[in-house]
Each structure stands twice: as structure tokens, then as C-alpha cells.
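In the two complexes that follow, subunit A is the common piece, with subunit B as its partner first and subunit C second.
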Partner chain A sequence: MTREIAVVAFAQTDHLRTSEELSEVEMLMPVLHEVRAQTGLKTADIGFTCSGSSDYLAGRAFSFTLALDGVGAWPPISESHVEMDGAWALYEAWTKLLTGDADTALVYSYGKSSPGPLRDVLTRQLDPYYVAPLWPDSVALAALQAQALIDAGDTDEPALASVAARSRADAAANCHAQLRGSVPQGEYLVRPLRTGDCPPVGDGAAAVILAAGDRARELCSRPAWIRGIDHRIEAHGLGVRDLTDSPSTRLAAEQAGAFERPVDTAELHAPFTSQETILRKALRLDDTVCVNPSGGALAANPVMAAGLIRIGEAAARIHRGESDRALAHATSGPCLQQNLVAVLEGDPR
Partner chain B sequence: MSKEPVAVVGIGQTKHVAARRDVSIAGLVREAARRALDDAELTWADIDAVVIGKAPDFFEGVMMPELYLADALGAVGKPMLRVHTAGSVGGSTTLVAANLVAAGVHGTVLTLAFEKQSESNAMWGLSLPIPFQQPLLAGAGGFFAPHVRAYMRRSGAPDTVGSLVAYKDRRNALKNPYAHLHEHDITLEKVQASPMLWDPIRYSETCPSSDGACAMILTDRAGAARAPRPPAWMLGGAMRSEPTLFAGKDAVSPQAGKDCAADVYRQAGIADPRRDIDAVEMYVPFSWYEPMWLENLGFAAEGEGWKLTESGVTELDGDLPVNMSGGVLSTNPIGASGMIRFAEAALQVRGQAGEHQVEGARRVLGHAYGGGSQFFSMWLVGSEPPDS
Partner chain C sequence: MPEVLKAPLVVEFPFTRSLGPVQSAFLTGLRERVVLGVRTTDDRVLVPPVEYDPVTADEIRDLVEVAPTGTVTTWAWNHAPRRGQPLSTPFAWALVRLDGADTALLHALDAPGPDAVHTGMRVRIRWAGERTGAITDIACFEPYDGRHQHEPTPHTGEFADLATGIVAPARLDYTYSPGRAQSAYIAALSGRRTVGERCPSCRKVYVPPRGACPTCGVATAEQVEVGPGGTVTTFCIVNIKAKNLDIEVPYVYGHIALDGADLALHGRIGGIPYDQVRMGLRVEPVWTEGARYPDHYRPTGEPDADYDTYKELL
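After this line comes the complex of A and B, so read on.
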């Protein structure tokens, strides 16, 4: 594994509560155009394309096939799709570039949560025989996790509120964020989580371009080199997991080399305030690390794209010279079941 | 960059049937995975990562079921990827897993694809609601029948060619203990007398709806050296996609299929597929797709594919056997169907195909397609490792 691979471009939509006037393809196309414009690449120049999305959000089978119209897959392209957050599409593209079969890759993902009740939709992810029939929703499960964390003495409600306040305050500088500036902590949604502890529900898309070696240097003045990337999954049954910890995040971080040297920035995919506490512990992030300068998933959480956006945000800070070594994290499944960690670095300035 | 060679050292399938009411989804996939591990004489601990694929989540009514299946597939604490590229997904999943080995990221990977179609009605699951699709398109057959008619008109093939394919594949399935349909009393007359579903596709020229899973263990050179049985070596693999509908699309012989095959042949050093490849396991959900794909894959000139079928070349004892396993026409758990094709190709070059073994098969092509003839996924496997 000697090939150097970098994120060389990133674009995202303005994330909105609803985009009902746009189809998924229409929502996606501007970000595809934007990453291509950043690099000057055309569709035919890109060696591999990989995307992430979910039929359950779209409410129809094979929803990703229409996105190919937006990509402009003619002449035919080398292409693949994961039914996962786009962060895992990026992982697949990274392995493709490692083999040497391609020098550049386009990665994109999108999700429209507005057409259906997202909390109900996400219950369909759960064990179909023993758990899904009870319809425990995503906020209720996160609340179980938050309560376990409070009971363990790892946090309290004021500390959670401060995570929410910091995230939305930082998002004031992020023109794409859905919730920005001062947002009231609000009433309990599911105790102990208040509306402020929960992510906004919204629609959005993101795209990234990866390139290898010298190709990356041609396309970007300061590429964000992927020094390591790994992902791990935990058991699905909440009853067999310690919900106050995230061993899969820790293991992925170890495998990605995150602990070899400190990072200056971390973009964590923590849709709930309590999950940031868990991830900080697993990733050994202290107060010197700038966590979620974009506002994170508490400011915008387009399902299926929010993880890819973490990698994109971390890379963009390296592109801009605001970070030299950043960690990006993505999650999937109930209560942080599956986690991906990437470590990105810029060349010395 | 030199890629690590990829070997198949374990293959497992379930007995494909209309409804596996005796097992959960987890039980179904674990059965196939367990058999692949047994074939490779490996344990769960030997697996570095799991790559799983299936077609739309609506078929079982579980969103991203890999989350729930992590425990059953021994993936806890490991990387797990979920691929979905429509009907080609079983092939694509294999190739994603193969890339993990080729890139040197992992040494040994379990890849698996499944569908438990008895959990829903696949035909209506594939019939999108208006306004996403025009009315009167009932299921995949409704979509593909016009393309078959276009092929017949273009090639001048006799009306009977489709029934010859179905009769051959259903007889091949009798030799495959894992095939879904075992029609012991099948005759050509019965195929030709079966009800017309989507003109010109008759009931007996159509794939069934199956519950089933298929798994493979892919590994590197070191893993292959430890394998108890002969490995199959990946000599080439590729994916190609094009949009569903656009002006100028050739729905009969899509460019993406031609490009995908050309890429595989280039990697494997195949100059003349008809001469250099011993057998083909291709994705034929409706009988007429055999001659259509023979042309698209370069085994016959345009308009000539039906002649190979008609003259018996594609029979199990023919010069270029096609769908030795009985094919998709005899077994169709949609998400797994592509991987079953890839696995059959590997079984053949390992000499492990039992009664449907093609004598001396050294290079065999596995092929899958999906969506509106727009997603293609193929690999060529051989009994000898690639030159390096």
C-alpha cells in the first residue's frame, strides 16, 4: 500500500429542511459540476465513480440509477454504488485507486429525508424480527445511549447543551449549514435529549474527487493526503453493546494511524450531542483539537451524505491551509454501530 | 503498481427454493457463508473483512440489512461493506471484495450476496409507482420484452430460439443440486406450449423468484498456497455503467456491456473470446438474452448469436457451454444471481462443478447485468494464476 491518494476537491449543497421542488438528480447536479470545475476534470477524465445512497429514503427501488443521468455516464463509465453513507463509497474508491486501476475518482452521495418521517424510516434498519416490529425510533435509541452516558458519569445535560451551542455557533461561519448561530436548546424530545441535542432533519448532497500521486498535485495546490482510512462494525443488538463506548471507532482509528501523531482538527459524525462525548473519548481528542469547526452533524445532517461531508470538510480545511493533520469520522446504524475513520494530512507548509 | 493476484478458495450456496420459511434472513446468509468457509477449511477468525451485496432493500423490507447481519456473518470488529448496483450487484460485490485483496488492504475476504424474495413480491417491487415510470410496465419482463423483440427483428432469428435456451438451461439445472427449478419432466414442447407472459417471452422462458445466498472466500497468493482445494484465479474483472434511457442507447447490445467485456479481455490477455474462453456463465433472466449477450460479449458477430444457440454450441457438451449451472432461468435470488454466475465460473475452473462440470475448463467468464441493461459486471477466472 504505497500509493499516495488525496482528496483534491469537495462540494456540498446548502442543506435544507425540504427540497421538494428538486428531484435527487437536480439536487445532486450542482455539486457534481462544482467539484469538476474545481479540478477542471470532465466526466471522461475520471477513472472511477462511486456513490452512496438509500432506496428507503427515496421510497423507491434502484433510486441511485437516476443519479447516473446527473453524472453523465456516456460514454459508459467504470462505476459502483454502496447502500451506505458516501464515506464508504469514498473507501471503495480509495481501494480502487490503490490497485492502480484508476488515477482519479468521483465520489458522491445524497439523501432526501424530507419526503417521509425520518425517525420512522430509520426504524426499518433494525433487526426485522425482534426490534423493528416495536418501531423504536432513532431519537429514542440515541436517548437510551445518552442516559447510559449520564448514568456512567461521563456527561450531564449542561455539558450536552454546551456541545450543541458550540456546534451551532461554529456553523454560523458555514453557509451550507441548516442550523446556524444561536439555537434554543428547547424541550425534551426524548428524555434526556432536548431538540437542541438532536440533528436537524434535512436534504442535501456532497461530492469529492480523489486523485493519486502526481495527479493529485496537478489538480490541487495542497492535496489532503489520506494517510489512513479504516472502518469497523459492531454487533447490532444494543443489549450486547456498551453504549457508552465506541470500540469500533477506536479500532478504526488505530488501523488508520490516528494515534501515531496528534491531529489539529476532527470532523466527527455525531448526530447527537451525547455521541460527540463518546467519540471524543474513543478517539482520545483533548481540548487542543478543533472539533467540528463546520458545526458538524448538529448543524446539518443529510442522511447518507453527512459522513462524506465530514471527510470533505476536513479535507477542505487542509486545502485552505487551516489544518495540517485532520481526522474525519463517519457513522452508520443505531447508536454508532458502524464507524469509519480517515486521517488526512497536508504537505508541510 | 503491481496488484496482488486474487484467488477463490471457498464457495458456498444455499439450496435455492421459492421460499425458505425455515430460516431467518440471518440464517440464510450464514448457511452460505458457513459452506464457503468449510470449502476453504477456514474459520470466521481467518476472515479480515466482509463485503455483502443484495438488490433493493424493499425486497425484504429491511433498510441496509447488513447492519443487522453483522453478527450472523462474523463481521463484528471487522470492516463490512454493502454494495448495491441493481441486478449486477452479485458480480459487483465480488469485484469490490476482490479489490480489497488486489490492493493489499486485506489478505482474506468473505463476500456474500443474497435475496429472500419470499418476504415480498419482487415483480411489484420492481414496478415503480407512477410518476417514476410509465404505466403498463409490469415487472422486469415488461421492461425487457420490447428489447427482445427488437433483437428478433434485427437478427432475423427464428421464433424458437428462446425456447431452446430455456430447454437447455432447465436441463442443466437437473445436474445442479443447488438450482431452484428441477423440472424432471421438461420437454421442448412443454416450453413452447407454456403461457405467453410478455410477448415473445413465455412462462418457461422466464426466471423464477428464489430465496438464496451465495458466498465466496477470496484471498491473496499466501492464502491460495494454504488452500486445501485448487483455487480459481481472477484473470480480469470490470464494471461499466450507462444511463437507463437516452437518445441513441442500444438497448439490445449496450455499449457498457461491450466496454466491460473488452476491459476484462484486455486484463486477461484474451484476443479471441470464442477461442480463448472455455465456457460462460451469463446473466440470462429471459431466454433470449443468451444470444443477445453472446453478441454483446464478443462470442458471435452481431446478428449471429442465435446460430450458436440453435446449433447446440452452448449446450453443456457443446463447444462453448453457456450457463452450466442452469443459469438465472433456473435460479434467481436477484441480489445473489450475479454472484452465483461468478461462483459457477470459479467452480468450473476449480473442477468442482460436479455433474455440470465442463471437462477441461481452464478459463471461464462470469457475467452479470442489471437495471435497464445499464450496469455490467464481469470477471474471467482461470485454473492458473495470472502471469506476473
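After this line comes the complex of A and C, so read on.
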């Protein structure tokens, strides 16, 4: 029998251009304490812990083991880590709960992009034979995708600017966001993308608690049930893909059941304005859906946490009764290479 | 809040990677100014070629030669080139479908400005002067007026002196900042004091402190000065000389529990023949002029500590 699994708590830091006065664990620990306080769970009560982070961001080897200091991993806990966005750590925790091995899981992720040159750091995830030796930075690759989208007639620069403006305007209500309110669209960073089309670079962390069945009902007055979750990946060769489409997002959404009924809210992990255009198309989101009420990754993009935050934001809206059925999306790799889609629902009110 | 400590941190590796048979033929071909693609089972030609079909996962080995000319499928103008990128003057990133290929190759396109670039424009490879069997054997693309049909022609992939690997240097420059707890620890060391932090829950004193009690998962804050004396809890004898380290071997490296600390730190133990160092030996730090941390620890001459006093710190 399939177990019902829900997001029962979510917390995030304020996302800042720099957190240089804090180590990674010092930045992370408050959100771990906050999700435990929301549920009343202690470390010993949590059946499984899974995290997502990348040592490359801050240039600190084995930083995820130091981050574990903030969990309190003694007596030894059941624990795992992915070198990916925390949304994929949540996926692993979800499968662990499905097996029945655990009833609760702590999922967290963090990223400190401020110590390093993020655009260059992200080139190290590319094909090491044909692509990485050219050092094509993350903005350049997104710009190639944006130009392909403009050439296809799917968007233009004013439309991209309106995505940027809407996201930062919505973020005015999000006290954790890094870019809020009116933000100038700015000059070209890599044409056709302007600074306003790109996410802010910053540091932040997030944590989520998952629980199964009745345990979820005990811990949360309105759990955000994960009705479906799936992730899919495309070829790594950029020149092999149709950059104007996201078949992996569409397939993950199908597998997650996103098209069975309309959603009222969608939190999309689109770090660049042009990527929101692609995701809306792939996910068949029309104007009736509230997209990125948090401001999305254009308002705060702590790398490795921004995808988990999409799931957390969608779940929090269900917790608060502001949504009944929400879609959350996370991406990884250049030009939306890999995508995860989750469908969350609250019980009828 | 004390001053935030910062220091430059350079992470640099020369990644040495071996090549599969298709990659080896492709990169050797570039060295010889020949561009090879690979034909898939459904008859598409992939350039750059890969070892396995990205759609079917079939092993693909059927090499063909394509033209050094092609068409831009998308582009982006880079007005501020970054370190390591193919050109140091402003250029366009471009995906280029070479004549005879069905997929596009990423590289730089040298053009006078963004107004001179458009999707669909014709380009050709500008070869690097010195070629080694790497993607950078293509210096960049450049505008090209010619338009010719090109049917891919079969190629054996055989060359004299096949490239079997690449060395790809990588360097990232960071600004390291150690955080609140370690900054306070380092600041105290500058006054030749060792200051740890106590866990408010289990009361253990961590030296050096990292801001969290790894057992309890809570923030540490209360600062506790420890030492200067301490006890050797365990040690090893080092017989291999470390690179860039001017210490004669054999020498002793030990775990030292400073008085008042609940976690041993490590340090070199000197001022005593290496074969006389023992568990329980009482030691103290030796500072050298201008040093930011103790150079080593030496015996104090006190009687050895009783095993029961440090057995929990092993």
C-alpha cells in the first residue's frame, strides 16, 4: 500500500548577498531549530535525515559533514546527502518514508555562493571534455537559451522584463527574499539577458520536515500531502536539446499527476526570466494559476536550496490555507537540464 | 561582533581525464583540422560526437567527417569575457550546427559586435595555431560567406598518435571567511591564548570551536580559555617528509587535550626524542616569533597524567 506523505514544516533563512560573518553550519542551524520547533520534534524523534549542498560553492571540502554538526548526530542517526539541490534530498527522503523504514524525515540544504565566483564555479558541472574547458558561465548558457526562445517567437525582451518586475514585486511580501520591490532591469549581462533577468547571487538555507500518514496529522494542522513527485533529466549536450522546450519537466509533471486536475499555485524554480516562459509552457500553466507568489528564484536564489524552497513555499501556502493544490518545481544543471515536479494538496477545508 | 576575518583561497587542479574511443578520435581530429561526428542508429549525425546515443543509449561508433563550416542556431553576446574563456575580447557564445551535422557545438564566435551576429548566420572554424587534441584546438568561429552543401563522409577515426587523454586545468578563486566561532578562536590565538566554546546542553568545551555542538546540535557561545598545558592522548611517528615542510623526520604528531578542553586538537610534539613520546605525556605550546599558532608542543616536565583523566578524550 502506498503511504501518504506530507510536508509538515518549512523554514528558511533570510537570503543575503553575503553571510561572511557566519560559517555554513552557523547559517544553517537556525532553520533546523525552527522546523523542529514547528513540529515539536527532537533530533532523536526524526527517522531519516537527508541534505543537499555542494562544496564547490564556498570552496570548502566536506562542508556537508561540518553542517551535520548542526543536526546533533549523536547517537548516530540515519543520514544521507546529495550533491544536488535539496529538492532531490527531499525526493530521497520521500522514497525512504515510502519504504516504511521511517515515519519522519528532516530535509535541509544550504548554499553559500558569496565566497566564490558563482558564474565560473557552475562551469565545473559541465561536460569536462567538450564544454568545461571553454568556461561558459551560467549566465552565458541561460542567454543562449533566451535567444533561442526569442528567435522562436515565444518571448521578447519586454515580456522577460515583465516576468522580472512581477517576481520582485511579489517578493515585497516575502521578508526572506534578497531582491524585493522595484528593481531596475539594468544593462545586458550577457545579451539578451539583462541583470534584471538574472537571479541575485547570495547565501541561504532551508529545511523541511516530512511525515507519513497519521504522524503528519499529529504534527501539522493541515499537512501538505505529496500526491506525486518525479524527476527527469535530458541529454547533457546543449546542442542536442531543443532549448526552447522542457520535455523533462513535462514528463515529470505527468508522472507526478500534475495534469490530472488544475493547480491553483505554482512555485517554479526559474532562475532566469526566460526559463519561466519555458516552464509555463511545459506545465500548461495559464493566467488562472498564481505563479511564484514568493517571488521565486529571481528574488532569492541560494544555490542548492532554491529548489527545496519552492517545495517549502508551496507547502507553506497549503499549511496556511492559501492553496488547496499546488505544484512545486526544482531544476538543476544548465538551461533546465534536470527537473523535478511535486504536486501538493491540503485536505478539504 | 568581532571583525570578520577573510583570506584568499585558491582551489586549483589539473584534471587529467582519459578519453573513450569516439572522444579520442574527435579530439585527435581537431588536432589534425578534421571534424568528426558520430552517426546514430536512426541516422542522425552528432557533433560533437558522444560514445552513447543520448536518446536510445545505443553504443555508437560509426564516425563521419563533417565540414568546418556551419550555421549559428543560437547566440549570446558576451561583452565582458571571463578568465579561461576562448577569447579575451568581446565575443558571441554560439551554438553552431556544422554542415553535415544534425546537432550543434558550443564555442565562441569572433565578431565585431552584437549587430554583426544573428541566428542563421554562416560561420567557419578558426583553428588554433598550436593544437594538442582538445576542444580548444578550435580557437573560435568566425563569420564566413560561403554556402555549400556537405554530405558527411565515412571516416575510420584512425590517426597517427591518437590523443588518449586531456589535461584540463581548473582554478577557482574564493574569499574564505571562517565564521563567528572560528574567527573568535583565531583572534584569541593572535594573543597566544586558546579559547574554546562550551555547549550549553552537554557542557563540553570544544577546541577549536566550530559554532555548533556536534552531539547536541545547538549553537555554542560561552567562551572558555583552555590550556596552555595539556596531555598527549595519542600520537603517531611520521617517517615520510611532507612536501614544503621543513621538519626532519621522524617526528611525532599527537592528539593533545588542553587542560579544560573536552576535545583533543592535534599538533607536533618536539623537545623530546621521538621514541620517548607516550600517552599521558604533559606538554605545553611553544610559540615562535610572529607565529599565528603554536609551532609545536614540548614536555613540561610534570609527571605523566593518569589514564583515567583523559580516557574519555581518546
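Note that the second predicted complex is superposed on the first by the 348 of 349 C-alpha atoms of A that agree within 3 Å, B and C clash if a C-alpha of one lies under 4 Å from a C-alpha of the other, contacts with A are read in each partner's own complex, and residues count from 1 in each chain.
Everything that follows uses one rule, which is that a residue touches a chain if its C-beta (ideal position, glycine included) is under 8 Å from a C-beta of that chain, and two chains touch if they have at least 3 such contacts.
Just so you know, these numbers come straight off a predicted model, no measurement behind them.
**Student:** Pick one for A:Leu66: touches subunit B only (first), subunit C only (second), both, or neither.
**Tutor:** both
**Student:** In the overlaid three-chain picture, which partner chain does A:Ala148 touch, first (subunit B) or second (subunit C), both, or neither?
**Tutor:** second
**Student:** Quick check on the superposed pair: does A:Thr95 touch subunit B, subunit C, both, or neither? Answer first, second, both or neither.
**Tutor:** first
**Student:** Looking at A:Ala328, would you say it contacts subunit B, subunit C, both, or neither? Reply first, second, both or neither.
**Tutor:** Neither partner.
**Student:** For A:Leu298, is the partner it touches subunit B (first), subunit C (second), both, or none of the two (neither)?
**Tutor:** In the superposition, A:Leu298 contacts neither subunit B nor subunit C.
**Student:** Figure out whether A:Ser23 sits in contact with subunit B (first) or subunit C (second), or with both, or with neither.
**Tutor:** Only subunit C is touched by A:Ser23; subunit B is not.
**Student:** Could you say whether A:Ile5 touches subunit B, subunit C, both of them, or neither, answering first, second, both or neither?
**Tutor:** A:Ile5: touches no partner chain.
**Student:** Would you sort A:Pro128 into first (subunit B), second (subunit C), both or neither based on which partner it touches?
**Tutor:** Touch status of A:Pro128: both partners.
**Student:** Identify the partner contact of A:Ala171: answer first if only subunit B is touched, second if only subunit C is, both if each is, neither if none is.
**Tutor:** In the superposition, A:Ala171 touches no partner, neither subunit B nor subunit C.
**Student:** Taking the stated contact definition, name every residue in subunit A that is touched by subunit B in one complex and by subunit C in the other, in rising order.
**Tutor:** In subunit A, residues 56, 60, 66, 68-69, 73-74, 121, 124, 128-129, 132, 235-237 are touched by subunit B and also by subunit C.
**Student:** Subunit A touches which residues of subunit C in the complex?
**Tutor:** 1, 4, 6, 9, 11, 15, 17, 19, 23, 27, 46-48, 50, 54-55, 73-79, 82-86, 93-95, 97, 103-108, 114, 119, 134-136, 166, 168, 170, 172-183, 210-219
**Student:** Any idea which subunit A residues touch subunit B in the complex?
**Tutor:** The contact residues of subunit A facing subunit B are 1, 3, 49, 54-56, 60-62, 64-66, 68-69, 73-84, 88, 91-92, 95-96, 98-101, 121-122, 124-129, 132, 230-237, 247-248, 251, 332-334, 337-338.
**Student:** In the complex of these two chains, what residues of subunit A are touching subunit C?
**Tutor:** Of all residues in subunit A, those touching subunit C are 20-26, 29, 32-33, 43, 56, 58-60, 66, 68-74, 115-117, 119-121, 124, 128-137, 140-141, 143-148, 151, 188, 190-193, 235-240, 243.
**Student:** Using the touch rule from the top, collect the residues of subunit B that touch subunit A in their complex.
**Tutor:** Against subunit A, subunit B makes touches at 1-3, 24-25, 55-58, 60-65, 67-71, 75-86, 92, 95-96, 99-100, 102-105, 125-126, 128-129, 132, 238-244, 246, 254-256, 259-260, 263, 371-372, 374-375.
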